[in-house]
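First chain A sits with chain B, and in the next complex the same chain sits with chain C.
Up next is the complex of A and B:
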């Protein structure tokens, strides 16, 4: 049972890693949702130029692996004088990448609201902003929720990529500990259990919450 | 710009490794994925549970953690895999988890009536599967399957960390040697952009052709 002893020994460091992982996830999610919403509105815009720019942005960013984007943000931007900490680079990279995914989810949700709803609101004399805020978005929310939580599960996993640029997240702590005590399997298993708990919470707990919301909203 | 030309050849060498990893692991994952999906749907309860647990485990853990378990973790038990082998094993293990879900969804999306009709005209389980279910499921599965190839291609970027000489690895070597990371990583990004763009084109073409069989 020597691994239990090792786990107990490394638990404080791993816990710090968990905090870093959650911090990265929360900030990246915030950025992705905000920017994704802008992208969705741009793609739905009647101005052809705006929707074209958003479409090209989404297609290009989605085709590049996250790790490459991370390296471009961390190393390449440094070369042209934009020096960022690993943490900032990671938040921006993940936010910018996941914004394309959230943007498409939001667009799908907004487009999925029946057109008659919009027409009815217009007939009642509501302005376009009020229609978006009070008629379309509340209904789109239901369709957006399940795919959005799916992406969140992927986002948490992708934060582990920051180990490559030395941000001290959970993955990094596991990597460092394994290099120090030569018990890599024990260390990665402990990290694995922690990551899996996040996944279970998201896939089980949030799914239940979603069904609740859907039932309440009918 | 001069630098980009200088390193284009090396990046191309990396692209060959990336492509090799992607293609071989995709083919193996598809084969294992079909069997996994069949076991998940038609197998005995214990097998279904085991496959479900496997899929959840693969989907719940970060890809890089799985790679580290195979490459670094196994050394604790004296199993010292060469980087390329470890990378390939990881890509197949990871890809199979996702492929099972794609095939399962595809097979289950074919209407039950089709299966019943085939049974009614006296077709056995295997020929029903091969001649009735699979051809229809395949058309449905084309978009997720091509998506799978793109995800697998993106996943190969992680293997640079254990020393497999893919695009990412070559770009990093170049970046360290020239102290011009901007150019090198931009070059890597373009390489991935071209490969993924080509894949999406092929996928769109296949889907157009497959639509005729619907």
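Up next is the complex of A and C:
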């Protein structure tokens, strides 16, 4: 039963790490969703230039490993005078990277709404913003939620990369603890379980939300 | 042009790339007139009526709808402003082949959305009007249901309610019954006929020849990307003068006759 004792001993430090991981995930997700929505609208724009810029951005950024982007944000930008804390660099990196993935999910969801409904709304005299807000997005939402939940799982896991730039997240705490008590097996196993529980709770919540919306719409 | 003309189409042409959709189409529709457009598939009938409320821009010619003039993109006139488009679309209702109801909204919400969003009608008033329209269509019990729970015929009648809720002066119908099972066609045609009797100005793309003969004042035959012939419904359908109109009608009549023969044969097998 020694491992339970060991886990209990480290729980306060781990909990701090969990809080940091939560905070990172929430802020990065917010940025990714907002920026991703902008990218989706740009790609769908009739203006060729906007669509081209978004396409190039998406293709380039998602082809680069997150770790490389993280180091660019934290170390390389510092070299040219753009200094930021590890936490800020982490949020921005994860946000702009996941924006490319969310952007493509949003675009697919928006394009998936039957074209005839847009035409019907236009024929009623509705403006393009109202059509987006009242017809397209509410329906795209249902198509977007499942793949968006999947990406969220990846985002949570990728937050662990910030240990490399010294942000005190869950992974960082596990690493510190294992260096202090020489029980890497227990420490990283505990971290793994915590990541898993974190994801489980979130995905359950999102799935329930999805089912509710679906049920409400008969 | 006298001011009882509701729609005045002059020299309309449209193409997608090299492909001509239609060319040099001219048509005048008087107030309270019912015009049926018939013709083989792929001659641009659906595209043509979408030009009237500018869902599709066109290249050449002009359309005057209730005093608003629309110009072809290649003929140099200014494109319509947003306010103009809203004005035209508020007064021109449209019903589609595929119903196109908003799937995430209940029947009632489908109908009140346009008046509330576009005409800023207060909700209570919009709901009252919607319930009145649903009652007229015999759909009161469907008000809180979602579109996918309804039969095709019910969906199309809801779509008609949705268009009528805007109090349009002109109604456009794009093959309103061609996606319906035969036994559901009747209810929808009945609703359209009632509108005609109430004096609604209508332009109707249809494959229902008998119906066209019954409700339309004027029949337009589109073939080979232009108007082959138009005139009083009975004359066009019973004694077309142009070869193209004759060919088309002969084909349709033959198809109907084949169908009847097949049905008779099936009846014979059973006996």
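Convention: the second predicted complex is superposed on the first by the 212 of 218 C-alpha atoms of A that agree within 3 Å, B and C clash if a C-alpha of one lies under 4 Å from a C-alpha of the other, contacts with A are read in each partner's own complex, and residues count from 1 in each chain.
Just so we're on the same page, a residue touches a chain if its C-beta (ideal position, glycine included) is under 8 Å from a C-beta of that chain, and two chains touch if they have at least 3 such contacts.
What you are looking at is a predicted structure, and each value in this text was computed from that prediction instead of being measured.
In the superposition on chain A, A:72 makes contact with chain B only, while chain C stays out of contact range. In the overlay built on the shared chain, the residue A:89 is in contact with neither chain B nor chain C. Once the two complexes are laid over each other on the shared chain, residue contacts for A:117 go to chain C alone; chain B is not touched. By the touch criterion defined above, A:134 lies against chain C but remains apart from chain B after alignment on the C-alpha atoms of chain A. Put simply, more of the residues of chain A are touched by B, taking chain B and chain C as the two choices.
Looking at the shared chain after the overlay, A:125 reaches chain C, while chain B stays out of its contact range.
Common to the chain B and chain C interfaces on chain A is no residue.
The touching residues of chain A, when paired with chain C in their complex, are 114, 116-117, 119-127, 130, 134-135, 138-139, 217-218. Residue ranges of chain A in contact with chain B, taken from their complex: 60, 63-69, 71-72, 75-80, 156-158, 160-161, 163-164, 171, 174-175, 178, 182-186, 188-189, 191-192, 195-196, 199-200, 203. Against chain A, in their complex, chain C makes its touches with residues 53, 55, 82, 85-90, 92-94, 96, 98-104, 106, 113-114, 117-118, 145-146, 148-149, 159, 162-163, 166. By the touch rule above, chain B contacts chain A in their complex via residues 56-57, 59-65, 68-69, 72-77, 150, 153-155, 157-158, 161, 168, 171-172, 175, 180-183, 185-186, 188-189, 192-193, 196-197, 200.
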